[in-house]
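Okay, so subunit A shows up in both of these, paired with subunit B first and subunit C after.
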Partner chain A sequence: MKNTVSNTAKPLIFAWLVGLMLLLFVLNLFFGSVIIPVVDVFRVLFGEGSTNQTESLIILNFRLPQTFTALFAGAALAVAGLMMQTLFRNPLADPSILGISSGAGLGVALLLFFTGNVSSQTFASVDIISHLGLNMAAFLGALAVLMLILFISNKLGNAVSLLIVGIMIAYVAGALVGLVKYFSRKEDVYAFALWGLGSFSNVGNSQLPVFIISISVGLVLSILMMKSLNLLLLGDRYAANLGLNIKLSTIYIVIITGFLTAVVTAYAGPIAFIGLAVPHLARSLFSTADHKILLPSTMILGACLALFCNLVARLPGFDGSLPINAVTSLIGAPIVIWFIFKHRNFTTLES
Partner chain B sequence: MKSLIECHSLGIGYKQKAEEPHLLFPTFDIQLYEGELTALVGPNGAGKTSLIKTISGNLTPLSGWITLFNKTLKSYSTAELATIISIVLTDRILDQHIKVYDVVATGRYPYTGFWATLNQNDKSVIQKSLEMVGAEELSDRTFVTLSDGERQKVMIAKALAQDTPIILLDEPAAFLDYPSKIELMHLLQNLVKKHHKTILYSSHDLDLVLRSADRLWLVASRKPIATGIPEQLVLDGLIEDYFAITGLHFDAALGQFILPTAGIKKICVSANGITGIWLRRALERKGWTVNTNENEAFVIKFGNNNYILENGQTVVHFANIESLITELDRYENN
Partner chain C sequence: MRQGKLSLNTKLEILLFPTHFKSFILILICSLYFGCVPEVKKPVSHTDANDHLQTYAKGFRIVELHSIRKLLIYSPWKEDELLNNYVIWPDSLPLPDSLKSTPIIFTPVKRLIALSSTQWAAALQLNAIEGIKGVSEASYIQNEQIQDRLKSGETIEVAVNGSYKPELIVGIHADLMAYSPDPSGIPEVLSRSGYPLLAWPDYFENHPLGRAEWIKVMGLLLQRENEAAILFDSIAGSYNKLKNLTTDLNHRPTIFADKEFSGQWYVPGGRSYMACLFRDAGADYLWADNTSTASFPLGIEAILNKAHKADFWRMAQAANDIYGYENLRQENEIYASFEAFQQKKIIFCNTAKTAYFEKSQFEPQIVLSDFIFLIHPDLLPGYSPVYYHFLQ
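Up next, the complex of A and B:
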């Protein structure tokens, strides 16, 4: 097969992607369901006075945190997906494969159930604990599953069994969620369904620093796994012979992926698709399997895709915003199919 | 002779919970000598892969111990082992995008730092390794697009880039066509002679190992491991003993297993050189027992580019082997 991307072209593509990400970032600030003149957006951003109070509120308190959330959540999910695909040597693996997002879902469902049935109020009416409580519940649920997975992977030390156990845990958590929903009030079931559709608008300015710092820590840690991930591509036995401690690297990768997924799911709900699709886009675009290139490029591409989806979800004309999960799949799936047709070197699974 | 790896009362096999450990063969002592191409040979399923896994530190022995450069294998860290023993496996690399160069570059990982940055020396070692196996032109290709023979070369280049004194190969010839097998053996012999590597490879292909290896480790299920140079093992009758398959007979003169024949169809061939060899093979395939006794009923001679068949007074000339054996078939059926 011909080498489609020469080595000199790679930094150029990367530069284009960074440019695209910045452009999408700016577009996210300028466009939304409320139409605000470009001049006014500039005024608000550069702190010139004499602006409309409402416009200033929309841009600084809604659009800005939402844009940052989309950017970091996209990067985190994409990198988590890449690490799962490499660890399990399975192109269909994604961040939810270890059952961590199901754990988050269970946490949220339990919170809704207890606030509803115990305090006999619907969750929607308990404003004080609303967002923060939801985030905590999701994070704790995800963390509980992560601990369980770590305990098991320490016992098994074998990626295939770990994968199966992860999927089983996801089923169990899903079943528990079903049970909890069955006994919950109608309003709480609706609130849970909304959470499940995902949203980048739940992180307010006050929580934004925590979110950004947590994700950044996870992203930096993932970069540190570069050498291990490259070795894992060859399979466990070659990797071990080349000096890699398989068990320890597996645990590190599970911790980093689990942490990133837990933080994103806690703040933005279970966002599908980005983690599955972006690593494939990056591999095709750069025609490489080298994580030195793949890790940064999946981050940028993941951020781009999330920002683009966020933009589409809030296009002017829609009343409010569309659920982000619907948008990621509706937009992402055709992009991936197009890419597969364009880059035929993304062939079928090894037969 | 210096031995790099020594197995002491080594027992390998499987241990299932609460059961007696199942040994693949009786505990044994064996040495891997420096500067030799050693072949681990035995029928499929005898335990060759388990033995290779044990020596490379991938499988824990059930009993006994292994020393490597006079220190126990257990005392080496994974990182240290990575610079002493390299392996070439039958495991397939599943990634769809990995490049040949990147595969070979992983051989340098034990020497690189945290970021796996390749310095000038690493790059020149990778280049040399690709050249040594004749794969320098594959360097930009995607690994999955290679043929089995090319993949094997690239994995050997990886092992060479790893720059270890010992290379272990598990069934390196298994998926190769005949010319590639010969080429591979040539390469391994070359690495031993010119680059001072010590190589152990496993194979079930007796013909191949008898032609290429300096020393054999002969294994068969539940038999003690036998070792020696190939020719001695043939003369001692051990090859036939270890490979015994009902209905097959090992011809020590030819160095290969042949289908047993009834032995009543005798024929004499008096032709030398390459023509004689292939004529003989054609006749044996047809079930004749070939000898050089000119008193046999059928005698075949070769002269003037003609095969001459003498049957008593009848003398017939044939232009090629095919028409000769067709004629013999006709005699037989009458």
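Up next, the complex of A and C:
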């Protein structure tokens, strides 16, 4: 027996989610570790010029790009997770399952190695390793793994084999990272650990358009895949009988997921949890496996969770900024558990 | 992401605890430990001891009790706990039976393994480099004398990338091995070498002269105490004279330090070595009220709020010759929002060109002069800075 959500309620829930997302977006602009009066935030946002230059700087150059980054990164990771769970028909799949975030990590680790060791300079203090360099290394690492996965999926055309190969690639990349870390200096290893904790604050206003456009392209493409994703849930044979080109669909899904994961990881580090948990929240909330509902709602829910975590990471009165990866899991896991208890019968993938 | 197969302990150790002076994490986490204002600590259970005059360093004491000299090394983590308690005995004299079971360092030490650059740098200051038989992380060493000795094999690299080479260590037949301690204890591979081990927590000193004063420990080990004392007195004299230039200044420009990485911006604590330098250079460090002796992480927002209009911004890193404001902007465009960036008032030390991490510990008076000159140019007219310059 399943919680049924009537079809008329679904648009309403969806509207609520969009409202929640907008609310969280605004809250992210209003609240941060520095307390800025609400009136001043309004003034800055509506271009009336703040009396305080520092305040407008914090809001426009820091909070605004960070909020947009959280929003788009959250949406992208959640959608990537949903597509992986559907493609592999595995509730534990997430964007990192293809080894793409491990590939990004390897790119970063190699960068540390080559700047830390070869140039006799420590990573943490070397100039060419700007965040730009870091983004590039992460993106190239992710892209390399994506290419490898594509090549393999083209040969295999079978989701289960692809899943295993993806996990194996993640292991190999992880082992290489371990090896690189072994040969790196402690400060490089520490820098790598910091990178691994993730951050939404790395995207500046000038990089923001590239980030938003890239993610938007990925998200739009994912929407085009809704029908294929629904068919894939029926099983390969059934889907093939209904006219779906399994191999091609698999490749498209891998490209879109890989691209979204690579962009997010390049700009914000390997952010865990959102991709795994949000699709489950969406399924449970809407009691459906229909991607026409699931995909947009996963997108909105992912943005909501990321925005909420970003808010918690910079609570007013706390001068620091908690690492985003710690917050996503610490905040996200109880939410998911609470959800499971509330909606006792968790909707399965195939329902 | 999957990690390498390191135990959690090892990972924590790697993450948290440095062994080398020239290290990012060290600056981040544990470089500075005690309160900035010098204060003489009574030697533990050596009440009759003739404590040698010492005013700044808190990590060591050289005491004389019944005409037996002792070197005490204090733990930076637990007050009044000793990391080492060695009798210092000249090898020219016969050792009395009563001392045969106590830990002893025979001086002068002829074969020393110096695992941290500040140890061999101290020997270098005393013109006694020939006793240095082992060093670590050779690829980061800029000093030519050490590099020449490494090439000729007179000095051997015994640790690279944080891992020791136990067989080479044992092969050196050292008299003593000096290491940088951390709270996780002495690495197994060092204690198994069988050598007397000397903890060297100089980087926990949070007064620039406290760090420099460790030259006296090297002087004691090499039987060059007088040279070390004279050298230190001259360093301290110059430092304090410079410091006096700024004590009565009315205008103290504001200053902050360092950069963000992955959302975290580590700033020097208000009681840190760097905060002490800022104050002595006549600047108003924005986090001077903070009570931390170590660096601590803040969010960018908090830094922006406080330091956005600061007059000066200090950073030290290895860089190429053309590193400048544009590179900094590319790292994070938020940097360009700071007034110190716009006014080109970034006080920058290129550690790759200046051997800052090797030399500056024993030249705090030069570091201070650099700061004073850049912040209050009228106080040192005609001075030419050595380590720090305005970023171009």
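We adopt the following convention: the second predicted complex is superposed on the first by the 340 of 351 C-alpha atoms of A that agree within 3 Å, B and C clash if a C-alpha of one lies under 4 Å from a C-alpha of the other, contacts with A are read in each partner's own complex, and residues count from 1 in each chain.
As a working rule, contacts are C-beta pairs under 8 Å (C-beta built on N, C-alpha and C of every residue); 3 or more make two chains touch, one makes a residue touch a chain.
In this text, all values refer to a predicted model and were calculated from it rather than measured experimentally.
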item	value
Subunit B versus subunit C as contact partner of A:287, first or second or both or neither	first
Residues of subunit A touched, compared between subunit B and subunit C (which is higher)	C
Partner chain(s) touched by A:56 [first = subunit B, second = subunit C, both, neither]	neither
Which of subunit B and subunit C A:190 touches, first, second, both or neither	second
Which of subunit B and subunit C A:250 touches, first, second, both or neither	neither
Touching partner for A:241 - first (subunit B), second (subunit C), both, neither	first
Residue numbers on subunit A that touch subunit B, as the complex places them	1, 3, 89, 91, 224, 226-227, 230-231, 233-235, 237-238, 240-245, 283-284, 287-290, 292, 345-347, 350
Subunit C contact footprint on subunit A (complex, rising order)	32-34, 53-54, 57-58, 61-63, 96, 101-102, 105, 117, 120-128, 130-132, 170-171, 173-175, 177-179, 181-187, 189-191, 193-202, 204-207, 269-270, 314, 318-321, 323-324
For the subunit C and subunit A complex, residues of the former touching the latter	1-6, 14-15, 18-20, 22-26, 28, 137, 139-140, 161-163, 260-264, 297-302, 304-305, 308-309, 316-320, 323, 327, 330-334, 337, 351-352
Subunit A-touching residues of subunit B, taken from the complex the two chains share	56, 58, 78-79, 81-82, 85-87, 89, 91-99, 102-103, 106-107, 109-110, 112, 114-116, 140-142, 144-145, 158, 162
